[in-house]
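In this document, chain identifiers A, B, C and D correspond to the written order of the chains, with residue numbering beginning at 1 in each.
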Amino acid sequence: MTNTIKESKKSIVTARIVDHYEVARNHFLMSLKVPSYFQAAVPGQFVMMRVKGREDPFLPRPFSINFLNSHNTGTIMGILYKVIGKGTTIFSRLKKDDELSVMGPLGNGFNMPPDRKKIALVAGGVGVAPLSFLAEYLKRQTNASAQGIEEIVCFLGASTSQLLLDRGRLADACSKLMISTDDGSDGYHGTVTELFQNHIDSYTDNDSIVFCCGPDPMMTGVAGIVKKYSIPCQVSMEERMACGVGACLGCAVRVKSHGDRPRYMTVCKDGPVFDSKDIIWKQA
Amino acid sequence: MKSKNVPGMNVDIGGIELKNPVMTASGTFGYGEEYNPYIDINRLGAFIVKGLSREPRSGSPPPRIIETAAGMLNAVGLQNIGVDAFIKEKLPYLSGFDVAVITNIFGETIDDYIRVAERLNGVPGIAGLEVNISCPNVKKGGIAFGDDPETAYEVTRKVKNVTDLPIIVKLTPNVTDITRIARVVEEAGADAVSLINTLKGMAVNVETMKPYLNNITGGLSGPAIKPVALRMVWEVTREVSIPVIGIGGIMNAHDALEFLIVGATAIQIGTANFINPRATMDVLEGIQHYMVENGISDIHDLIGTLTVE
Amino acid sequence: MKSKNVPGMNVDIGGIELKNPVMTASGTFGYGEEYNPYIDINRLGAFIVKGLSREPRSGSPPPRIIETAAGMLNAVGLQNIGVDAFIKEKLPYLSGFDVAVITNIFGETIDDYIRVAERLNGVPGIAGLEVNISCPNVKKGGIAFGDDPETAYEVTRKVKNVTDLPIIVKLTPNVTDITRIARVVEEAGADAVSLINTLKGMAVNVETMKPYLNNITGGLSGPAIKPVALRMVWEVTREVSIPVIGIGGIMNAHDALEFLIVGATAIQIGTANFINPRATMDVLEGIQHYMVENGISDIHDLIGTLTVE
Amino acid sequence: MTNTIKESKKSIVTARIVDHYEVARNHFLMSLKVPSYFQAAVPGQFVMMRVKGREDPFLPRPFSINFLNSHNTGTIMGILYKVIGKGTTIFSRLKKDDELSVMGPLGNGFNMPPDRKKIALVAGGVGVAPLSFLAEYLKRQTNASAQGIEEIVCFLGASTSQLLLDRGRLADACSKLMISTDDGSDGYHGTVTELFQNHIDSYTDNDSIVFCCGPDPMMTGVAGIVKKYSIPCQVSMEERMACGVGACLGCAVRVKSHGDRPRYMTVCKDGPVFDSKDIIWKQA
């Protein structure tokens, strides 16, 4: 009896690397062969990953799904990541055919309300990872259905031109790609938050929506801008994670509450995508 | 596996009958829904609920967790929905499983403990209470209830007096002599003890010169603490006659067997769930496998079999 | 590295002048010969000798060590050649280096401690004593000297009375409140405290159902214990005004910096030497590098700089 | 000043795998490129090894040197090992070009007294690892010098014929190779200790010497036999190690003492090769 139940349960899967290379200094794109049920994943969802058979680092690491491709040979999932510490350094040394333990897809993805015509994607650094997936997803939806998306503009910022990731994919999927670099090596010379602010007049509270992912200060900035103009905005949040499923309460993010008591939600289960106006932004 | 080959796994924890000795550890398994997609909760020996307090608690601001060598620190701050909401919103779901549900309770004053215990008394679907005495005692200036034999005695006694449920007292390892605390809570009426809770630890970000946790210190769990946990369980089993539940860094069946061999009647799995959501099932199957391989037909023939020269 | 760029690394440990805060931990570095082929002992801040007792001690039967998750257990049993043989056979070698030699001492009775301290008093080439109070007190039924505030006070006081050398009291982490012990040894005249010694732990071989160590339990060291060590060092630095030496799981400069930032005036490196015999040098160079990178010209501008919100 | 001293210091070296394969079920031969100073190593010495860049398992593992070859492309060290636990399982998965951190050569090797004419090597299981090296070393010495070695007989035992390791090398290097297997699949049907006992009459206390390495009960047995006949015997001992250099006192082996107090020596620094009559054998 128990066995039949067991079979139908989710589990951590072993995923083999089919491709892995450095797309830009310290940034890698890893392609993994995953089971076909991953096809149901939506942009903004994430996975928890560990190197298979390694006990160190201790905890799995969360990464957004950057793409999902289905061929007749199987389903391939892309992870676009930046090397910042121990775990990502170890990942970066993996080669084709090495294996990872992958748990997912997890969390809630971006949610496209049917009444929105103008979409702005605001991406900072490696925060572009879920947004390229989203752009392609929305484009496919627009093509397939009668959904009234009129334009998808992507504001893509990075410290320097070399680190403008997924540029080609975004140029293809979006109506328009606006670039900013902190050092002025390409596009607008400044932050992507400023660039977005400069174009805010194109958006209104009743036909537009913003999807945003990037470093904390950038998301705080964007949240501040959209608040002023009452434009709906969904952000993909980050917090350190252990379980990835809402069991440990480790990945708390403070959200608005009615009473005096602070209220926390979990990035992994309640997010990672939140409505920007629900979040209590640190500097905002 | 055919039933006739399945070794006897039943254990009795101070009156709570478990079909096997594998439990989830409090605070690491949510209220059941989170891991239900991964495991068959019906196969667990017991399900220990996240610590419940009288009123809901928000918990600590983030960051709440940080990885350490073979472990992690957490400062969740005992966030929970409170005993009333638990009974109304979570217990019905858990009651749908064929598993012993044990509620972990805590408070900041002895009165808090009493109130939670009273509230849970007589509620159908609850098999026992686990009393977490590792929490700072607000009245005693933040010294944990479990640090001090007298306070440990008092809280155990008073909870015992207001409940008909078997009570398991969960001990903190941050003490000079855990056997002393175990002895006094036994005397005070505990039906079992469980140990260990987390070791108090800290980690610092040298770039920012700040602690990694907003709370500065946190509780260390995972394989790093297993040697300490195992030693304490071994010490305590030799000093008390009530059942001892072993907790701390159990990642696989091998680790669980170590605890059973030194004398634990059951074990709890905490942090391992985060690494492997099927950890409880893997441990259960691994213990069964070991027993079959070694011709042990009843788990009691394994418990406390440590051979010392 | 040009001298003019080298940041100031000198620290004063209760009267012992060290050229830098990097020391070897007792029992992990032999008497110097073992690692001399690998490092330049002259570059160490101090060299702490393996624990010395009144008479030579054979130590425990093997197995004495077992690996654990991110650490190891040892039950060497304080094997040593005794204080007399040390002075005759080992000290001359160590005195040949330009390094502060600190002798770690221990005993089974207070009288033992006094005798070893007396014997070392006035011996040229010794800069200080580190008094290990983690040892079981034979007279008190095996409870460690360092577990009990009164005994810790007494042993510190009596050793202090018979020596002209600065004394560092080395604290055990196996206590409920390490700040209490730190405070009483400060009161008793300790010139500094060092912490932590090993956590008491255990491991079991499930094939043989025997403990891995002949001694059953052993001392846990290595990265596994670092979060606990760091927390205790942070707690103690806030409670005493004598210098605190941080020990426990330091594997690299990053770890050492954490201890300095929470308030340790110096640090000791133990188990890391087994993994990397150049660990002390790597830590020293790493601290220097960090200071240069962060524009810190004197180590005192780094010590105790933890920012808490 | 300190720098010049530093340069001359020993250190842990990074050694690249040049060859690695399974020689018999669960037994592997790993060939590593090591610095040329390893050429000075003598049979019986060992190295401590970890996978480079991995923190788990925590402690390095000790292995005897199985061979050393010097080519003009460099020095190659062979490690013959059996997979028994966590560390050796991880080693067994390493591939060509993977790197290890190696400390050594360490300890004291076998010591050939000049007056011995008849040499018996008694090897059990993977205990053959240092003895194949010794056989070749002694043969080279015999050829090169006027040293009066008359014969080298190797008694090689294993549980079954497939696990008779280094058979070819030993047949080449020794005057005679005597085989035993526990299951009788090759050679004498029984233990190598019994086989050796059966030939003990060929050896005398004034011209013979025994070199022995293998599992504890086998070495205990051999030690018992040679004691009876007063034949000198050197054994390579094993104990769990941490430091490998005599600093931790972890790898204690009990040796005979004059007083009442038990006396311990370290396998790593005082050994691993000991005179069998100095050891207090557990069952002897």
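Things to note:
The criterion applied here is as follows: contacts are C-beta pairs under 8 Å (C-beta built on N, C-alpha and C of every residue); 3 or more make two chains touch, one makes a residue touch a chain.
Note that the structure is a prediction, hence the values are computed from the model and not measured.
The chain with its Cα centroid farthest from the Cα centroid of chain A is D.
Taking each chain's centre as the average of its CA atoms, chain C and chain D sit 36 Å apart. Separation between the centroids of chain A and chain C, computed from CA atoms only, is 47 Å. Annotation: 34 Å between the Cα-based centres of chain B and chain C.
The centroid of the Cα atoms in chain A and the matching centroid in chain D are 55 Å apart.
Residues of chain C in contact with at least two other chains: 68-71, 222-223.
Of all residues in chain A, those touching 2 or more other chains are 55-56, listed in ascending order. In terms of inter-chain touching, the protein chains here make up one closed cycle, each touching precisely two others.
Chains that are in contact with each other form these pairs: A-B, A-D, B-C, C-D. Of all the residues in chain B, the ones that touch chain C in their complex are 68-71, 73, 143, 147, 174-177, 199-204, 206, 208-211, 214, 216-217, 220, 222-228, 230-231, 234, 249, 254, 257-258, 261-262, 290, 305-309. Residues of chain A touching chain B in their complex: 2, 5-6, 9-12, 50, 55-60, 103, 239-254, 261-264, 269. Interface residues of chain A, counted against chain D in their complex, comprise 53-56, 93.
Contacts from chain C toward chain D in the complex involve residues 27-30, 34-35, 37-40, 42-43, 50, 56, 58-72, 74, 76, 79, 222-223, 271, 273-278, 281.
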